[in-house]
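Note that the chains are named A, B, C, D and E in the order they appear, and that numbering of residues resets to 1 at the start of each chain.
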Amino acid sequence: MANVAIPLGSNRLERTRSIRERIDIPRRVTLIAAILVVLVVALLLAFIGIRGTRMFFEGGVPLTQIFSATWDPGADPGQQTFGLLPFILGTIGVMVVAAIIAAPLSIGLAIFMSEIAPDWARNITRPAMEVFVGIPSVVYGFLGANVLVDVLRSNFHQQFPLGYSWFAGSLVLSIMILPTITSIAYDALITVPGELRTGSLALGTTRWQMIRHILLPAARAGLMTAVILGMLRAAGEALAVQMVIGNRAIVPTGIGQPIITLTSGITLDMGNTTDNQVWNMALWTMGLILLLMSLTFVFLARRIGRRGAAI
Amino acid sequence: MNRTLNADRIATGVLWAIAVFVVAILLAIILNFVLKSLGTLNLSFLFGDPSDSAVGGIGPLFFNSIYLLVVTLLITVPLGTLGGIYMAEYAHEGRVTNAIRFSQELISSVPSIVVGLFGLALFVRATGGYTALAGALALAVFNLPLMSRLAEQAIRAVPDDERAASLALGATKWQTITRVVLPIAIPGIVTGIILTAGRIFGEAAALIFTAGSSTPTHFDYGYFSLTDPRSPWSPFHTATTMSVYIWHINSESILPDSIRIAVANTASAVLIITVLVFNLGARGLGRALQKRVTGA
Amino acid sequence: MHDPLPSQTLPPSNEDAMAVVTEPTSEQAQPLAKPEVPASRARVRVETPASPETAKLGMDNVDVAYGAKVAVRGVTLAIAANAVTAFIGPSGCGKSTVLRCFNRMNDLIPGARVEGQVLFNGEDVGGRDIQPVDVRRRIGMVFQKPNPFPMSIYENVAYGPRRHGVKDRRRLDEIVEGSIKRAALWDEVKDDFRKKSGLALSGGQQQRLCIARTLATEPEVILMDEPCSALDPIATLKIEALISELREAVTIVIVTHNMQQASRVSDRTAFFTLGEDRAGRLVEIGETLQIFTNPREQLTEDYVSGRFG
Amino acid sequence: GTNGASQPPSAASVAPAMSASADTGASASAGAGGSTAAVTCATGSITAAGSTALQPLVDKAGKDFVAACSGAQIQVQGGGSGTGLTQVSQGAVQIGNSDVTAESKLASPDASALVDHVVAKQGWVAVVNTGVTGVTNLTTQQSIDIWTGRVTNWKDVGGPDVPIVLVLRPASSGTRSVYKKIVLGGAAEATGQALTEDSNGAVVTAVKGTPGAISVIGFAYYQQNLGQVTALQLDGVDATVDNMKAGTYKLAADGHMYTKGQPDGLTKAFLDYMLGPTVQGTTIPSLNYAPVK
Amino acid sequence: MHDPLPSQTLPPSNEDAMAVVTEPTSEQAQPLAKPEVPASRARVRVETPASPETAKLGMDNVDVAYGAKVAVRGVTLAIAANAVTAFIGPSGCGKSTVLRCFNRMNDLIPGARVEGQVLFNGEDVGGRDIQPVDVRRRIGMVFQKPNPFPMSIYENVAYGPRRHGVKDRRRLDEIVEGSIKRAALWDEVKDDFRKKSGLALSGGQQQRLCIARTLATEPEVILMDEPCSALDPIATLKIEALISELREAVTIVIVTHNMQQASRVSDRTAFFTLGEDRAGRLVEIGETLQIFTNPREQLTEDYVSGRFG
């Protein structure tokens, strides 16, 4: 068994023989699996891209009209107007306010989990986040419609005369995106090298000083990405919001009033219209706009993410 | 000195408060449903047939939820794992990798209603109606990127010296992946799978237009067929899930108000509890597998 | 279990020496000038502290455990003021662990438990009412891997003082410039230390920046955990020279894998090893010269003569 | 009622054929869900999708039919009238349920390819929040004033001093278009002050909770929510099935089940059953719809 | 840039030695028995390879860069067959990097580029069509941190052979038992090596398990990167003894921080350092005794006498 040294130059190294070895099959197989996602997305983009532009080509609606503030697709042919401004602004509004509510909580929670929580606490918070994600949006929706709306209307009647409102939507959303932001922010925080923490603490700074002056700056990019991706999730949420914002197709002016979003616009009318109606095409245009918003946000997130990595 | 110490104490307090607050919200939500469903939540509700006059049960819907979950995972786990392997072991930074990552992030932000309509146009036609398969495909659209992300993370978490050790012994890359890396990564992957199950369970918007939104009658589990839509085991049977059912009865059912609310609350409770169970189960299982893998 | 006390070296010959060297700085001034001559350095006599209580730093029968694993056991030692003490020993014998006890950095490691007394100027740093923050400000630490903050050199050095409430711009400038000078980094960075990022420096410069950063908080003690093990020869020599300079003003404890380094820079040396129970223990501590020439313990002999490790 | 006028010629020609089959249907009979019904069985699997207003009826009938005919499988999906019409004209489903005529939603070629089967009459009722006391009836004119936003407080129509909150269904929904046509005479609702809710369920929740809220829901849903909301008369006529049958209660419309071309096989059997005595005589009244014969 | 060739040591006195020691095993048999006597070991004469081409392993003007950073420059050396060659030098000077070139482990590091010829039995292992898999099977590697697989001891050792197509159970048993014996681990694990997990062993045992695992693929060369730096004294001695045993059959290259270890276990020693350009370079390679007693270069002198590093 003991193999005595081979005389120099003897039994030469194996060379690549078959093509099979040269074309690395596992690599290609796994690549295909990975690419699949891209194909699905491409398909989705094409599908929605085509449907979403029919309004202009087949429906003959001028592109500029989507920036009009009046949404009146039900009027007799001729007088219809397909102004999507209320939906676009509504979506942005709901998602921004949701982020403003959720971001501090989520990031605080992320800091807690990464810097402060003892193991037992972490063993509670992390599953909690996952359960949050697991709760169906319908459930959030009905909680919102049956509980939150009433609470707002009866306790803050001045601000929320109807309960159904922009704020209600944002509040429901903020709970739904809380786990998203938290987990991404948490990942961003724990990737900050431990040496920086110890470096600061060894200088006699308090933990909070370390967090404020070292940790947060170092993780800034990651945290911003987290918030952006959270907003993204918010923009795409349909059922829950639709049940609490009142769906009033007006340009939002106050968080106390009912407004409408792209997603609820789609859910409200999609089922009742047929796909040769310009009305229906307009709904697909909403879908397309939503997708374009997602695209820009993902771009943004990746930009910031990359700059962060550069630091 | 003291100022900074106080600042530290206050900040710590605030952060604790936030954590407690958030967990409290969750508990409140869970309790709300559990308490409201105390009267109705029992086995006959869980496994019984729905009724259009009384509380009845959610048996077929529960079955459908599980069924869809399984079918979806059958599609996404193999593909996702393979994709994850590529991203973790083969991918170099570059256009392809970027495109993949980009797509993954984009999909998870596409409104599910849009995916539902996408499914209505593609899968429903392809599978001949509102079918479990159509629903599963729609769900797969969401779940696939999530799955490969999870697999990738689990695989990346495997320490490099395990790979180095295997490769240094003259094992090929693929051997290293299948014989060393995957076995070590599996606990992580399994945990991930079960955690995503929660999302699949909760999805409604995408299913209303794909798997259907009708209240099924009695399921004849004894009748097994993979092609006949009448068999609950067939991927071609219409599969209204629990979350869709919750949506349905709350919006269009003509159940008496009291019953409607009771059913909705109880079904929600069941959903949330299931997700909870999945979660704890996932952790337990993960730990157990971890033990078996490391053997120590 | 091994009884630590015999390893505590208190030769009577040194008792009187204490009186002689009350002002160590003066006597040790010139040898410091040329630290590259190790021989002369190691021979300098420093007070051997009578007991952990009277020493600058001390440990009385300290055990440290990480969760279930006992890392070090029954360590009792006394660190002389204004002297350089080297910790040597094979990897995993607990040198860093012991070092981290002095400024309570072990608090940061979940599951780490320290038992027994750790003393600083005779005070128990582990005491209930003691603020770790305060301990760490007065006992600075330099790590194996240089870890400057991702900010300008100036901000790196100003970081500590700022956190401790120094606001006045001029005062800060003084501290920063002074610290960078003491860390022998001034000439290399004086032109652009306000803009240049600390990460843009070479490894050796980064390490000196970290020392400057520590000096800026005016610590009485500096703990160094293998400060040179990631540096090239020239950088190493610079740091060693620096250490000998600082010795005048601060007490230094340095962990090193390199016995020649220990003999070059340190006045006293502590040798640790792994016991049969796989827990680290102190074998002996004494004048560096004595440890390297006629150690009490055979183990020490074996180690310094490179029989293992 | 309103249907005769809007009947496409194709549908008119089918009607006798259906009644005929309905009679012969008496031959084969089986017990279904307690009520014994006459059913002409056929085997296979069909899907009926569309109107959520019709869904409870078709769903119930479908279940009874399947219970009687072991070889049959009938799936009844919601999704809205539009979805129903689109799906059926694309051949994706066999039956498209709709609250409105195909012509109102589909382009003429698609519409004329469909065969209309009017299976029931469905009624809607204006409901208000229980806090709105003293108002039991709204005239057509009052309704118009309220819905168009000319009257914004209940005291102007004899109610308490509470601002009126309109709760609308989506503009594309059958409910709203029927109400707009029959009661509002085509006048545009004051959407700027209204809430819009997606479904009967959501509407009931909103009206129940919002002081001064008013909306319109299907009979069936009202019956299930007695006491939750207050029903109003329309021009002094109670919203009852009998009044609707008698034609005195005008807020009603046909429930359509469309097939692509003439139905056959299970589809035909099921449509026959829908128009047969069991459904028309028992099922429909029990669910608060009005039979068409 | 520094020209590597002068640092290549080829004393004429050794040319003829090649003839003398054609069958090294016989001559070196007994000294191996008691490796704890370093003197005797280091004095054994081994053939000094004439050139990289004729040596067991060789490098001809090799540069390695990680992305933009050049880690080592212009390394030219020849490793003698059936001998132990030690790589010494300060941290970061490229010892591991050079080592990883021989079995193409640098392929695994993204952005790592190797230029120049790396030779194994005179063949360029970097050749386009060469299969790294085969290179690595025949040039084994043992790492600083023991890294057994999370499987039973048996499976750990059987892993390599299995991958190379050994199916027959009996054959596997032979290989496993033989390898564990050669790694001097048998007595400690023979009772439960089929069930017991490799992770359940102590550090030293784990390291020997890794060696056994490597032996199981019958490599001609074993590369060891600081195999003892994480081990306690006793474990270290065991490994050193083992190394000397294996020397009979395989060519060994060992990276070590511990110069005494180098002098104890190695026949020949290569000294690396960091150049002014912050890239590692080979200073000189030669008989261990000569390197430690009268090195050619002043740098080597300084290093082995512990002036830096």
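By our rule, a residue touches a chain if its C-beta (ideal position, glycine included) is under 8 Å from a C-beta of that chain, and two chains touch if they have at least 3 such contacts.
These numbers come from a predicted model, not from an experiment.
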Point to revise | Top chain pair, ranked by how many C-beta pairs fall in contact | key: A-B
Point to revise | Whole-Å gap between the CA centroids of subunit A and subunit B | key: 17
Review point. Counting in whole Å, what is the centre-to-centre distance of subunit D and subunit E, each centre being its mean C-alpha position?
Key: 85
Study note, to complete from the structure: Rounded to the nearest Å, the gap separating the Cα centres of subunit B and subunit D is 37
Review point. What whole-number Å value describes the gap between the mean CA coordinates of subunit A and subunit C?
Key: 50
**Study point:** In subunit D, residues with contacts to at least two other chains
**Key:** 52, 78-79, 83, 198, 202
Revision key, fill the gap. Check: subunit C positions touching at least 2 other chains come out as 133-134, 163-164
Practice item. Would you pick out the residues of subunit A that each touch at least 2 other chains? Key: 205-206, 209, 267, 270
Review point. Every pair of chains that touch: which are they?
Key: A-B, A-C, A-D, A-E, B-C, B-D, B-E, C-E
Point to revise | In the complex, subunit B residues that touch subunit D | key: 52, 124-125, 129-130, 208-209, 212-215, 217, 229-230, 238, 248-257, 260
Revision key, fill the gap. Listed in rising order, the residues of subunit A that touch subunit E in the complex are 1-6, 8-10, 12-16, 21
Review point. Contact residues on subunit A for subunit C in the complex?
Key: 118-119, 193, 195-206, 209, 213-214, 217-218, 311
Point to revise | Interfacial residue positions of subunit E with respect to subunit B in the complex | key: 103, 105, 108, 110, 132-138, 140-141, 143, 145, 147-152, 159-160, 163-164, 197-200, 210, 213-214, 217
Study note, to complete from the structure: Residue positions on subunit D within touch of subunit B in the complex are 45, 47, 49, 52, 55-56, 59-60, 63, 66-67, 73, 75-79, 83, 90, 92-93, 198-202, 204, 220-221, 223-225, 228, 287
